[in-house]
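The following pair of complexes shares a single chain, chain A, combined with chain B in the former and chain C in the latter.
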Partner chain A sequence: MSKSAFEVEVECECEACEKGKCDSADLVDVLSEREGLKEFYEEFKDSIHECRRLTYGQYLFVIDRDVLPEATLWWHNHPRFKETHMSTAVGTDERAIAGKFSYMPLINVQVEAENMDRNFWVLLKAYMPADDPSFPSVAAKLPAALWIEREVKDLLGFRPIGHPDPRRLILPEDWPEGVYPLRKDMDYRHSPMREPETEFREPPEGTTTVPMGPFHMGIEEPAHFRLFVKGEEIVDVDYRGFYSHRGIEKVGEGRLTYNQVLFLAERICGICGYQHSVSYAMAVERLADVDIPDRARYIRTLMLELERIHNHLLWVGIAAHMVGFDTGFMHAWRIREPVMWLVERLTGNRKQYGMNIVGGVRRDILDYRKEEILKVVKEIREGTKKFLDIALNTNTFIKRAEGVGILPYKIAKAYSVLGPTARASGRRIDARLDQATKTAMAYNEVDFKVPVYKEGDVLARVLVRMDELFESLWIVEQLIDQMPGGDIMVPIGKLPEYAEALGFTEAHRGEVLHYVMTGEKNKVYRWKVRAPTYNNLPAIPDMLRGYNVADAPLIIASIDPCYSCTERVQFVDVRTGRVRVLTEAEFNELSIKNRGVF
Partner chain B sequence: MYESLALKIAGIIVMVLLPPYLDGIARRVKARIQYRRGPPLAQTWYDLRKLFAIPTVLPTKSWMFKAAPYLALASALAAALLLPYGGHVPVNFGYNIIVFFYVVAMVSVFVMLGGFSVQNAFSHLGSAREMTLLLTVEPILAVVYGVFAYNSGSLNLYHIMTHLHLSASLLFAYIILGYALYVESGFVPFDVAEAEQEVIGGPLAEYSGRLLGVFYYAIYIKRFALLWFFVSMVTYPIVGPVHGLAKSVGLFALQLLLTFALYPIIAALEATNARLRIDHIVRTNVKIFFIGLGILAMAFMGW
Partner chain C sequence: MAESVSYTEKLKAWNRKEVEKIGEKAPVTTPYPFIDIEKPPEYRGIPHINPEKCVGCGACVNACPPDALIMEWDKEHGVKRLTYNAARCIRCARCIEVCPTGAMEPTTRFEIATNSKEDLVEVVEHRLAYCEECGEYLDFTERQIEYVKNILPKEIFDMYALEDRMKLTQDAKMRVTVEKLRELEGVEYPAYLLAKRGDE
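Here is the complex of A and B:
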């Protein structure tokens, strides 16, 4: 796993070689597998210590921390790979394995839109010594890194040098300085307190502050937008969130096996739970290098699409409610209900299907249920058409949605905005087709379009989602038609130790990303979850600026924010069995009181 | 004599008891449009009864906060008292169209004052919207009332209603009157001041319990008064001067019937619209104001 710096310069390895499946894989081969890799290697040759292919379409480079910003920007601003974005980053306390901390931006490289065999992931890992966990910040040049750098600062105590806004992001106001919950020597039962201190931004001169939140009717979950307004016009916005962050990470620590974490993953979100569950399962399957049966892939895809259908209907209802168009709200939810009944028939639950398992699915779809699925699909299609006919002909609704909350393409790209929000601003991205989902899902075997709009306003976001809804219905019909027979799962067996991989799906809000690093004895050492709202929310201030207070709830709702996804489980770290934790210099004195051993 | 007294008392009973039931009808109609069953017709009364029984949380020491709901209620009742019920007006005197114009506006003014009496950004935002709404819709009403007054040669409501003569300007004035009264009532596309999702109830944000109940009651009565005014403006010119008990009762019944008939239409409009933004409304109102001026000019020309 960890190699000392001098020995690696020339040596590269891929997993296939270790297993003896491939005899001639070397540096040149790995680098020539995908476009851009060689170019990158040439550019940063002196700073690259190691390069590996983790699994199909996922490449890891171990680089010097000093070149992190340049390397990240090199990919992000690559002139040929237009839609390449920095998805997120992972900070890990690897002191138990490598004696160091690591920080690793994850980059989604798009060589060609909708071609999963040419696009790939790049993981840029930089090690930091245990006594000086700092790295140069890229956030000043790349807003997409703003939050994640604040996050690793909060949770792991890394110092992003040169960060433009190093305020606290995740930890609550009454959490003391110098206590880092995601370090391995921190006990999950420990919850220290201090006097609360708020770090709000100073309002610009001549403005009044309208506090939207922490609890506000227009935003169903706790979030705190401070709108600085002149009259009714929004001049600037400050955001403080993460009120529902509760660190499930530490709860699971040391207890759960890789299959149990899967069910925790499903509970990250009440709406896109299955997306998280599939993403996690995919990550584990990738690092264990198993291929799941075709029938399992099809069933997973079916459930994912049904989830998208009911979510989009739910969302359009909420959007109507936000502008006081309650009839639209009621009808959208009425049309949605049959999907809920259907998935209850298929899985036993309306939500939190419990359908997945690493290596496949737990329940088969019975053949006589296929008719029922097709019936519901037909119903939904007709109902939605009628609904859209009415909603899009409601003058007052259009008046409120058109030309409001415009997110220009440039900002969308700089913040790595994802999903329908990005597609409404002209970004041509869809993780279903852009990255190699074919190992866990069946998107490569169905035919569908990815709708893209250029307007970037709220109306475009409505239209993108509605177009997607019809595409999803079409996908479901194809899946039923092509459903192969056979097994629905394969056993995984033993997981390799300290192996890493990514799992991802395109949820209704954008790309869901799970990073898994295994520990010993089939446990998970590090699990990082990045829900799409995490990337979409930081762009909200840019959408709000210059518009009306009256538009704020609609604009915020238009990205389909899901605070519980974004916040509840930022990370889940699960540590292997009863391992004694190394007591490092940073060992927190308070956690000694809590026995420090877990 | 007795007949007049009886009708006036009937009118007062109607203006006190009916408005929440009208809201009940609206809720029922909206529910049906949304494929729901909807609450019982008396639900709004149940809500009010519950609110009246709950003490209010006082967020401020300002006396205006406590007085505003009652003053609003008094203004709304005063407006309703100036209208004819079966040809008999409970409180009838000289130039009362001006009084009517301004007691109706006073309801909004007291809602605003209540909102401004507390330190709450949403209350202030909502009150500011209420003020904008008031300032843009009142000129329209003033112009339309001018057309009616000129047409009938009087400033007394009952006299106006019974002495209108048909002309093109009058027909246009009716259309604009309908619009202005709808806006003034604060029904859905124009409910910006209280917009729940945007300014969480606006001026009413800090109100609770009895005072909130009184405010709601005042708003229902105001809506009733505006609708009753419109209905009277439609029925009286057609039916003509009223003499005799049978005709009075018949007219009263007609007024009631028309009120019941119009409320579902209002509810349907509410259910099929999204809320507009205050700047949209201002723009529309300014346009309509100028059209109103044109109609006033037409009336002067005798068209």
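Here is the complex of A and C:
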């Protein structure tokens, strides 16, 4: 580990500078730490009020709200930093602290692929007066912002000016207008009602509507797709989801202390809970500037990788089930089961491990268990190889998956699609190596490859996940070999007040992002969770268009959607304002090619 | 809760016809829930309060994320009530970690299905310490005071004269301090000055 990870946080507040322009020496230091920061500062000099480094590799700029779209696009479309994307945004009711609202896009800047010491996060914070919480929308030019801008509109009452589709996203149909749950003046127990009104999109002319949902038949989770079809071909899609919105962020902010939120974070998702737990713990450790013991980092990494292994096996089983290859489904889940048993012995539970605590882990990996882990790893490697051999030589499987649900690179980038879905479309991103995970996890000390495929179809998504699975097995073996001794946790004590930081991991679906802002008395003032499906799901209409109705369940399942993760808050698809990269003719061509297969 | 009859036993009382088949050997599947299944020793089940070890400090209540543990004071009857509700429990075992006396005991039980909600609740009642001076109950239990007596070093006891003052309410403590100071210094200070000093 390089020394810089342990540097003391350098604060360089520029409040003292005249007219909010920062030209102190500290500022020069901060700006020269990473590539691109200086350029950005020069470009938007007049609109930047403050800039500081929150923690290692996380830079906050306070800018005017008028330049939000330009600044976001400047980073997102940076010609040199190819895989830079707008990850999400955070809206905060800061009336209690600053007397204003704030809206803050979070940008994952990738200077060099797989180099966590050169890449960084940019947080662009814009304050809005309490009586006029509006900001210019960037969604018309950047589809990645479509949902998040609707989310802050629903939950905080911000007005994104010029948003192409300002329908309700998160809140249920029977929620009254003008009541904003995430504002601080609303109590978390309050739950008003009104008569329900649905806002489905009008179907395009000459099409028939095929409702799919409100319950997905394969994944068995609530989501309502409305497919507009001409014959068998899908012309367009409307989406209404967020049926399992639980208001987790509000409960975390309202009632719990920072160590209690951790267990709530773990319960955001049924199968990638540990990723959320680590992300949250990382965010709190970053803002408190605590370095956790090496052994804790290794144990966390081990658990994360075991989770990835069984999740990928679960997903490939579901994919096999979707294409009617039920033997594959049974075998994939049979291979998966030993991991669950292993994890139960390591942590005390099959899922919801409860292994984490802010500052380390709660259970140690004892030596005799190492043998068990290696045995399971060996079993899984052999089992999966055999399974893949059979599955990839099964015609029903290949014919259903090949050339179906193609997501072109440009659309993947525009929607900030993440994880294996993005890597199957040629995006070379992986938060494990791209960003500074070394403070909470040990990915910098193991060797592994990030598989990337260019095809962008369902088959590529299967192959990416299976390659990753083998890499994960290899990571587990290395971790067992290199596991250092020592403590497994450090106590944190009191947290600094109103400090902010990001925590992130690469879940098996993509990058999980947690933003934490502390309040007084060890409580959390703002906690924002962004699960990877939140970015992947808006791209679904683009994957579905032009294919058969029968392919829809498979294509939707191919991004491995997790509605519960996504819907701690809530959402719907959009046609208007989408960047149209493929023409109608190209889509028709695809669908003709597709028909030829069947 | 942990001591109640096991789930398998409970099922037998229902007189289901499947019970007869328990002895028969099934080819692959296990006739769960009619037999007990194997659980690894590391399994985190619902915790259980050992009333003999519990001192009623409430450390578990502060740590519990889903409010499965609740503390209530009944000053009229001099009782502090610790309630554990297994239905709210998420089995994170934080209470077991923070318990200073080891009264929260881990179990491997997970089958909490029951006919009556009362089966899910464990209640431990503690007697509150009684202040002879002012005839009121303290916030602390008698056991808490005993526990503190056992773990505090003797020097600290002597320094703060805890032996006499421990079982007093906050008001009585202040009054005693004031009287002590008066005795020691032998000067008649106005009472309000001394009260302030005692408060600090």
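Brief remarks on what is shown
Following the convention adopted for this analysis, the second predicted complex is superposed on the first by the 535 of 598 C-alpha atoms of A that agree within 3 Å, B and C clash if a C-alpha of one lies under 4 Å from a C-alpha of the other, contacts with A are read in each partner's own complex, and residues count from 1 in each chain.
Heads up, the rule we're going with is that a contact is a pair of C-beta atoms (placed from the backbone, for glycine too) under 8 Å apart; a residue touches a chain by one contact, two chains touch by 3 or more.
What you see is a predicted model, and the numbers here were worked out from it, not measured in a lab.
With chain A as the common reference, chain B sits beside chain C without any clash.
Of the two partner chains placed around the shared chain by superposition, chain C is the only one that A:Leu256 touches, whereas chain B remains out of contact.
Counting the residues of chain A that each partner touches, chain B and chain C differ, and the larger count belongs to B. Contacts of A:Gly354 after superposition on the shared chain: chain C is touched, whereas chain B is not. Of the two partner chains, chain C is the only one that A:Arg345 touches; chain B does not reach it.
Look at A:Pro408: by the touch rule set out above, it reaches neither chain B nor chain C. In the overlay built on the shared chain, the residue A:Arg362 is in contact with chain C alone; chain B does not reach it. When the two complexes are overlaid on their common chain A, residue A:Val549 makes contact with chain B while staying clear of chain C. When both complexes are overlaid on chain A, the residue A:Leu264 reaches chain C alone and has no touch with chain B. Once the two complexes are laid over each other on the shared chain, residue contacts for A:Pro164 go to neither chain B nor chain C.
Least inter-chain distance for chain B and chain C in the combined superposition, rounded to the nearest angstrom, is 6, based on C-alpha atoms. Comparing which residues of chain A touch chain B with which touch chain C, the overlap is empty. Of all the residues in chain A, the ones that touch chain C in their complex are 256, 259-264, 267, 341, 344-349, 352, 354, 362. Note for the complex: chain B touches chain A at residues 30, 33-36, 121-122, 124-125, 128-129, 188-189, 191-192, 195-200, 271-280. Residue ranges of chain A in contact with chain B, taken from their complex: 208-211, 216-218, 231-232, 320-328, 330-331, 334, 390, 394-397, 399-400, 548-553.
In the complex of the two chains, the chain C residues touching chain A come out as 40, 42-44, 63-66, 90-94, 97.
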